[in-house]
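We call the chains A, B and C, going by the order they appear; numbering starts again at 1 in every chain.
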Amino acid sequence: MIEIQHLSKSFGHPVLRDVTLSVPAGCLYGLIGPGASGKSLLLRMVTGLMRPDTGSVTVEGQDVLAMTELELASFRLKFGMLFQNNALFDFMTVAQNVAFPLERMFELTPDEIRDRVDERLAAVSLSGFGERAPVGLSGGQKKRVGVARATVTRAPIIFYDEPAAGLDPVTSQKIFDLLRAEQQHAKTTVIMVSSDIERLLTVTDRVGMMYRGALVFDGTTDEALTSEDRYVKQFVHGLMDGPL
Amino acid sequence: MGMDIERAADDESGGVAGIVGRRALQLVSAGREQYSVLVRTMYYVARGKMEGGVLARQMYEIGNRSLFLLTVVMGFIGTILVLQAGLQTRRVVPDLSMLGASYLELLVRDLSASIVALMLATRVGAGIAAEIGSMVVTEQVDALRMCAADPIDYLVKPRFLASIVMTTVLTIWSGGVSIVTGMITADVVFQVAPKTFWNLSLVHASDLFICLVKCLAYGAAIPVVSATSGLSTFGGSEGVGWATTKAVVNSSLAVIILNFLISSAGLIAFS
Amino acid sequence: MSTPLVAVAFSPFARARDSFMALAATIGEMGIVALRIMSRLWRLDLDGRELMRNMYKMGVKSLSIVVVTALFTGAIMVVQAAPIVKRYGAQQLLGWGAGFGTLREIGPLLTALMISGRVGANNAAELGTMTVTEQIDALRALAIDPVAFLVVPRFIAMVTTLFLSTLYADALALLGAAYAGQALIGVEPMTFYNGLVSGLLGVGDVMNGLVKSVIFGIVIGLSSCHFGLSVTGGAPGVGRAVNATVVASAAGIFIVDYFVSFILG
């Protein structure tokens, strides 16, 4: 479904080294790794927000890198994305934020748009928050608006970049459970980047681990938990000694 | 690539020619980006579609927020110019009856549009770069792209149109203000009657045309240059400060260079 | 009773009054910065190495912009004067016309505006970032006077940079004007030069412009140091400070220009 082949990128120093992995359809794929290992960059490459130096990205059989910006614009109908810092449009209300992708992408009537927005806000337990401004919301609330906006178009592929960053443990778990429920209900393909290994591994089907721009592990969740690879073992179990 | 050219431009060999050459290279590479932004903006302008309130809000932002500053500045300029011109002319020729005529000619042909543009390059240029730059560092611009909204269409186009309109409006207003203050100065300091001052004999249709062209060109250049700086922000919130500085400097330079080009073209065409 | 109050609050007069009060407050604060600087200067209490470093940095940063601005400005002066020259056939007066405008007004003014945009904004951003990252407090904790160490050298460097740049810009603008005169309306450089030194323009005109440049430097220096050091609200506050510096400098430059022209004229 998503095929990444030999992706490399360098900004004077290499930030992605020959990354190859594939994400099957309907899979919830977790991407883990220490800071600055290239996880967010990889997400940007798949969505076409950034171009690699070499390699290819194929999504549902189509070559992302061969597209022009205009073609990408319509191709992104297939995507929904939650950004690391939410990236909510601070000059719009919550409801306008969630409605925004719908208005751009489809020919829906205003009533249909409103219904979908209400449904999404209810799904993330934020009913009634429609007229609020993003700036006054708590971190958890902003995240949930972000999730609503990312899933409102019912796109088949969703990217979550650090969905629980900066949230307390209870809220984090709620977000992860919400995202898993979403994915199973809508049968979407999801790539989730997170530093919260413990919670992430409770919801993933497959896991990939990155270290300094290279992919050091790619397998099922069980394989990750029982792996004897030194890097993986240390990171997954949060151990003190090891190569990291 | 842009950053390497920036660094090369800070190297100092080659004397004056080297300096101008390096700055020209810098402007050229920035120019390519700006050209791309300009072309894409015009494409979206041609396509039409825009939400009603957005244009009005941008026009309000540009117009109302700069009005006070411009009125004060142009008022002062009116007095300064008439004062200086009067003093200098008196050294050569005692008769100041053409003072108003030549002042009006200069105002229409060049000063009103250019000074308004330089002030707007500062105010509006900084504002646009800061707004767009902040959106870049908080990933809102990426979020726009992910929602199939081209940032050029959504962010730059309204500011582009608003700037062209408001530059023209503000130029006319400021011209009026500085005519009034100039007239008062001429009367109080040089005893030139307002009726003598209001002498339109030297203001030709070609001057008005040049003024209009300048308003359009400046009005178009400032948002394009500033938005380019804003969109290429990097380095977090500190980067927004750099983008703002770059926008102000480059917008001002653009106004100066366009001034020269349009004035020269006008001189050659209309003489 | 509340309706008339509401009406007054939203009237444009109220807005103007608020702007005026804010303006007065800012000018007052800059005056305080000026006093602090003066007291250090009086005792010659400043960091020499910082002074040298800033002078070098500011001079180099503004050089290319000053050159480009000056050359084009000189050319523009000629383009504007051209119809008058043609009308009266007064080729000899081109040097005088371009010269007087450049030396007294345009040279100092445009140089100040461009340097305010580059150096002034830059300085505000640096000081602002230092304030936000608590480096100023760290200096105080090390018993180093931040004003003497940071502010005074930058202030002096800015005034000096502006003075030298205006001098340089005046020369380059006249050079640009001379070439534009030849290229566009066929006035020989020799004629242009004669027009300059014919006696209608004197050293007084040059000094007039240079005095202005020093005062503009003071405006830009005070503005950028004040807004830089009073940053609040983290990194976005730095952006706001940069914005405020550029706008305040520009307005200040024009207003001061008026008063100085009036007094010296």
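Side notes on the structure shown:
Here is the rule we go by: contacts are C-beta pairs under 8 Å (C-beta built on N, C-alpha and C of every residue); 3 or more make two chains touch, one makes a residue touch a chain.
All values reported here derive from a predicted model rather than from experimental measurement.
Legend note: the chain whose CA centroid lies nearest the centroid of all displayed protein CA atoms is B.
Seen from the C-alpha centroid of chain C, the farthest chain centroid is that of A. Centre-to-centre separation between chain A and chain B, using Cα means, comes to 42 Å. Centre-to-centre separation between chain B and chain C, using Cα means, comes to 18 Å. Put simply, the C-alpha centre of chain A and that of chain C have 49 angstrom between them.
Counting partner chains per residue, chain B has no residue touching two or more of them. Every residue of chain A that touches chain B in the complex is listed here, in rising order: 44, 47, 49, 69, 73-74, 76-77, 79-81, 83-85, 87-90, 100-101, 104-105. Touching chain A in their complex are the following residues of chain B: 138-140, 142-150. Of all residues in chain C, those touching chain B in their complex are 16, 19, 60-61, 63-65, 67-69, 71-73, 75-76, 79-80, 82-84, 86, 93, 100-101, 104-105, 110, 113-114, 117-118, 121-122, 125, 128-129, 184-185, 200, 234-236, 238-240, 242-243, 246-247, 250-251, 254-255, 257-258, 261-262, 265.
Residue ranges on chain B touching chain C, taken from their complex, read 9-10, 12, 16, 19-20, 22-23, 26, 68-69, 72-73, 76-77, 79-81, 83-84, 87-88, 91-92, 102, 105-106, 109-110, 118-119, 122-123, 126-127, 130, 133-134, 236-238, 240-242, 244-245, 248-249, 252-253, 256-257, 259-260, 263-264, 267-268, 271.
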